[in-house]
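Multiple structures are listed underneath, in structure tokens.
In the two assemblies presented below, chain A is common to both, partnered first by chain B and then by chain C.
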Partner chain A sequence: MEKQLNTTPNISVIRKKEKKSLSLGKIILYIFMAIVGFLQLFPLLWLFDYSLLNSGEFFGDAILQIPSPPEWETYISAFTQGNVLPYFFNSVLVTFVSVALTAFVSILLAYAFTRMKWRFSALFLNIILLGMMIPIHATLLPNFIIFNEVGMLNSYWALILPYTAFNIPISMFIVTGFMETIPRSIEEAAVMDGAGIWRILFKVIFPITKPAIATISVVNFINCWNEFIMAYTFITEDTFKTLPFSIIQFVGQYSSNYGAQFAVMSLIAIPSIIMYLFFTDEINKGLMAGSIKG
Partner chain B sequence: MNQLMSSKRSIFFLVAPGFLILISMIIFPIGMSIYYGFTDWGGIGDYNFIGFENFKTIIMNDEVFRTSLINALLLTVATIVIQHPIAIFLSILITHCGRWEKVLRTVLFIPAIISIVVTAKLWASIYNPQYGVLNNVLEAIGLSSWTQDWLGNPNLAIWSIIVVTMWQGFGYAFLLYYAGVKGVPDELYEAAKIDGANPFQLYVKVVIPLLAPMMRVAIIIAVISCLKQMEVVYLMTDGGPGNSTQLLGNYLYQTAFSSAQYGYGNAISVIFVIVVLIITVVLNKFLKRDVGEY
Partner chain C sequence: MKKSFLLLIFAFIVSISLVACSEDSSSKGESNSGGSGDGEQVTLSFFTALPDRETGMGGVEQQIIDAYMEENPNVKIEVEALQDEPYKDKIKIYSSTNKLPDIIQAWGQSSFIAPLIDNGLLHELDAADFEDKGFIEGSFDGFSKDGKLYGVPKNTDFLPLFYNKRLFEENGLEPPKTEKDLIEVSKKFRELGINPVAINGMDGWTFPMWFDYTLQRETGSFDLMDDALAGDASYTDPAVIDAAEKMKKMVDEGVFADGYLTADYGTARNLFGQEKAAMYLMGAWEMGLATDENFPESFRENVGVINYPVSDKAEAGDLVIYQGGGYAVSENSEHKEEAVKFLQYFFEPDNWPKLVWQSGAGMPAQNFEDYLTGEESQLQKEMVDIFNSVTSASGTPILDDSTPEFKETIMTLHQELFTGEITPKEFGEELDAAAKKAREASE
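Showing the complex of A and B:
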């Protein structure tokens, strides 16, 4: 009660200040920033707008058109002809397994580097750093040959393993940064109670590390969900293709059905945008931590 | 405790899964690339070792490689000279937007999480001379003499590509600088105000110099990601018209997969990795020198 009494006048003071400072400069600032925001989003607005037009309306001079009536059918034909559903399932499966595997492996590695004492830890850390600097494209050709040799082309593993590999370095560094802040006394207490490494790791450390795990998982989700070039190289059979393929397929097969092409693009973009709106803070944290370590 | 933390068995099981994946998906393939870079292998059948022949040809006589490298450097320089100053400017302006700050921050970042396939196909449509919105916009503002086939003009196509990569990469650069601006301690703003600094002086003399460490990080990330850029070109122009938009990643992909010059493609990929590593290390050393401290 007392607290409330203290804070209420403060807030009103701040509000008054804000109102007072709504000067000409502020108005110009808001208008300017609104234009910048609009320009940045404009391509996406155009995409959603045109996905609802029927093909005849495409060639007008208008910049954004009010669809009359909105052609929701483009979404239906995108869904039925673009293989969206099976590809969606593949994307979900590959993404979730990769994200979970990356998280698991990164916790183990991070623990080995922050707590365990071993001779070659510096060397191994450098190898991981090297993995971070190698462009994905440089591994496309040799991995294609290897997967071909061992019969792994056209399988979920041909995507899960390289996705995991390329997400490990940065994820491990983010989790490491977080683990370093956990006081060692917590583990010492657990050792007193007779716990071994694995029990400490999964019963004590893992629950504390959850925020960092959440961060890397969301960032890795977006990476895997949007990944294209590896999927395009290692997968040729319909059964294993992921969502980005449906655009390529659609453009190839129904090159004049612009509305449906735009609908497929919207269908692929929407899950990422929703994910981002839900987890803005986690994603920002992940990107910041990743960039500072990198 | 010490004994527990240096148990060889535990360390092995902590480190092995991650390293198995990293070595088999990144390190070993790169080794293979180096090996095949010294051969004339065409992808199937026998091959001969031809020493440094591939590397010599690439460095001395390969016009397309030169174009790819120049384009990659052009993309990098343009990003740093155009995109980063805008990102810094907006990251400062946005902190004055009160409760709109969060919304604007989210809006400015959204393009960065859109799938590369969607981005590429969307922008290909924006540039399309028949129904693309860019020409319509130019006509609407009275610049109809500027309208043209943006991706079909060999002199302009690379710039059309650069705009797309800037649009997609903007959110990330912006977020880094924004974090930098937010990281400036409040006391410094107060102190500058007491010293009678106007807002302009405050930013030019206090805030921007303090952004130096963040600039280093942001520039290194931008350079690496620009050098690695490939998907946008692959999906929009495939290097054309007439190799005018060729980038390193796309060129090595074409060489190996479309022209079946597997040995040669691997040699390109090795040079590609070396270029990225050298630039990263040099940049890191060079930029570390004048890092300001808070």
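Showing the complex of A and C:
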């Protein structure tokens, strides 16, 4: 009894101490995290700040300038002169189809390469991975000629196909790496239960690979969302133009409307931020799942 | 399972609808491009390097296009616009597929137009079609080869020195008349903590044009530059070395604004506009500075312009002046006649020259005296005075007079000269080597 009575207060004292030292550590940690957080958010703040300046105020001495008065008109011209809305729709369509197509093809390919045994599979895997080394510039002219022959210039496909093709190698790389960590016994169990190949693929493999899919989707989303070189090469008609075209609507031959450009960029940044917010959990899971393989 | 199948089905539906979309548009395109003829629908594609279609020169261009379409309901002009660099990239892609748009923006300089002409991609124009439009004498030169005309110029460009009158007056300084004055004045501004000359060193193209001036002030003529490029003289000529030394001296004395080598166009322009630099060396197209509401009023009221400073061998009227931008018609176009007709309309005295001058967006390559309203800004008036003072002209600036590779080299060489990576002597030697290489390439 006595012992117990003695020990409990002791423990509580220790706990209190621990709490105190912890909270001091935490304060430092919080301050540190706040600084890191601010540094991370700063470019966004900067972007938004600059979107409210008028063009003459750019390139001054200060890093952040207080807009006086804020030029909200930049946002109005983003929508009127910059055609943000129709271009936004095109960007969303092209990006999402490309990302979905890339993910779908990557799963199928990755499964075939990691789970199936066939001749030359290593060779073909390497060929696909070599695709990572092809610079976009080298493909512009041949693609233009092909699309021209097929009559595919100025269509959504003229963007979706090359975007998908360029995203597949790196996506494959990530997904195959992930799939190799999945224990074969899971599939064996599924086979015992009478699952066919498609069923295994979609009911068993796909849910496990989700974190990897989320990772590649975010990366591919950013790639497609910001892409401009291919877009300006293959697209001339307004109907199919994507968001980066909005920015150049404000470029004069010599001087430009910087404020409106920043306004468009602020608008373009929003979907990317949302994507990150939605998928950070999955990406974290992807990293963690990789760490406890075995 | 269900979810993923739904996703799959969704993807297929989207892709099918996409195919439908793209087919729709291509069939539309075909019906539009049917042969021309009286009253029949004609679609002209118009490719320009002025993406901003609402203000400045792009705005004027679009205004004339819209007016033309209204007057000629059977003609539709589809505009495609990209900035300079992407524009030049895409022209290469278009030309390698023989698919140039009907009307393209062209620069009257070999580095751009010569490859297009040599490959037979440009339609030969009849100078008589534009005879009555009041073009300035010699303005067609850059657009011609072997006596044949391939393009029509739209602008007169020259390089004056802008300055901020308030900064000069408040500090009791006179605008520089000679090159020596320029260095002296710059030193004074340095002492006062004001940047002397703002310039876009990162873009690189202003330096070779400035060098045209320094060398001309050294020799009294613009010829040496061109002769050396053609192989009739050499860039190792003492005059060239002296001129390079003179430019290097200007750098060392702090004539150029702080950070001039990393400043791009917007940075240099805003430095001047925010009254943090006293002078600004830039083309005549910047006369809109006086009305640019992005800058404070005290700047707009005080911006002035003078001739580039002289030496005892040169006159103020010896100008780096040339006709840069213009338009050309594609040889493979199905509607060449319609395209030429549009260009004739475009250059009607009441259209381009009048509108571009009165909007303050630029100086046309045509006589515009009839359109002086008297309501021009002080800056525009001073600009006209400089334009009228011309005694000799540089023609196409040296960097644009040869191959694109030569252009790159000469721009880099200037930057290296200024940072001290190469000496004025090496500058001349390397320039000579580059010119030789360019001559061999074009043979």
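Quick note on the criterion: the second predicted complex is superposed on the first by the 202 of 294 C-alpha atoms of A that agree within 3 Å, B and C clash if a C-alpha of one lies under 4 Å from a C-alpha of the other, contacts with A are read in each partner's own complex, and residues count from 1 in each chain.
Note that a residue touches a chain if its C-beta (ideal position, glycine included) is under 8 Å from a C-beta of that chain, and two chains touch if they have at least 3 such contacts.
Quick caveat: nothing in here was measured; it's all calculated off a predicted structure.
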item: Chain B versus chain C as contact partner of A:L277, first or second or both or neither; value: first
item: Touched partner set for A:A214, first chain B, second chain C, both or neither; value: neither
item: Which of chain B and chain C A:G252 touches, first, second, both or neither; value: second
item: Per-residue touch tally on chain A - higher for chain B or for chain C; value: B
item: First (chain B), second (chain C), both or neither touched by A:M152; value: second
item: Partner chain in contact with A:F58 - chain B first, chain C second, else both or neither; value: both
item: Partner chain(s) touched by A:A190 [first = chain B, second = chain C, both, neither]; value: neither
item: Which of chain B and chain C A:Q81 touches, first, second, both or neither; value: second
item: Which superposed partner A:L140 touches (first chain B, second chain C, both, neither); value: both
item: Touching both chain C and chain B, counted on chain A across the two superposed complexes; value: 58-59, 104, 140-141, 144-145, 229, 233, 248, 251, 258
item: Chain A - residues contacting chain B, complex; value: 18, 26, 29-30, 32-33, 36-37, 40-41, 43-44, 46-47, 50, 58-59, 61-63, 104-106, 108-109, 111-112, 115-118, 124, 127-128, 130-131, 133-146, 161-162, 164-166, 168-169, 172, 187-188, 191, 196-198, 222, 225-226, 228-229, 233, 243-244, 247-248, 251, 258, 261-262, 265, 268-269, 272-273, 275-277, 280, 283-284, 287-288, 291-292, 294
item: Complex contact set, residues of chain A against chain C; value: 54-60, 81, 93, 97, 100-101, 104, 140-141, 144-145, 148, 151-152, 154-157, 160, 199, 202-203, 206, 229, 232-233, 236-237, 239-240, 248-258
item: Footprint of chain A on chain B - complex, ascending; value: 1-2, 4-8, 10-11, 13-15, 17-19, 21-22, 24-30, 32-33, 36, 90, 93-94, 96-98, 100, 104, 106-111, 113-118, 121-123, 125-126, 130-131, 133, 136-137, 139-140, 167, 170, 172, 175-176, 179, 217-218, 220-221, 224, 227-228, 230-231, 234-235, 248-249, 252-253, 256-257, 262, 265-266, 269-270, 272-273, 276-277, 280
item: Residues on chain C engaged by chain A in the complex (per definition of touch); value: 1, 4-5, 7-8, 11, 14-15, 18-19, 21-22, 25-26, 29, 45, 49-58, 78, 80-84, 86, 89-90, 93, 96-97, 99, 265-267, 269-271, 273-274, 283, 285-286, 292-296
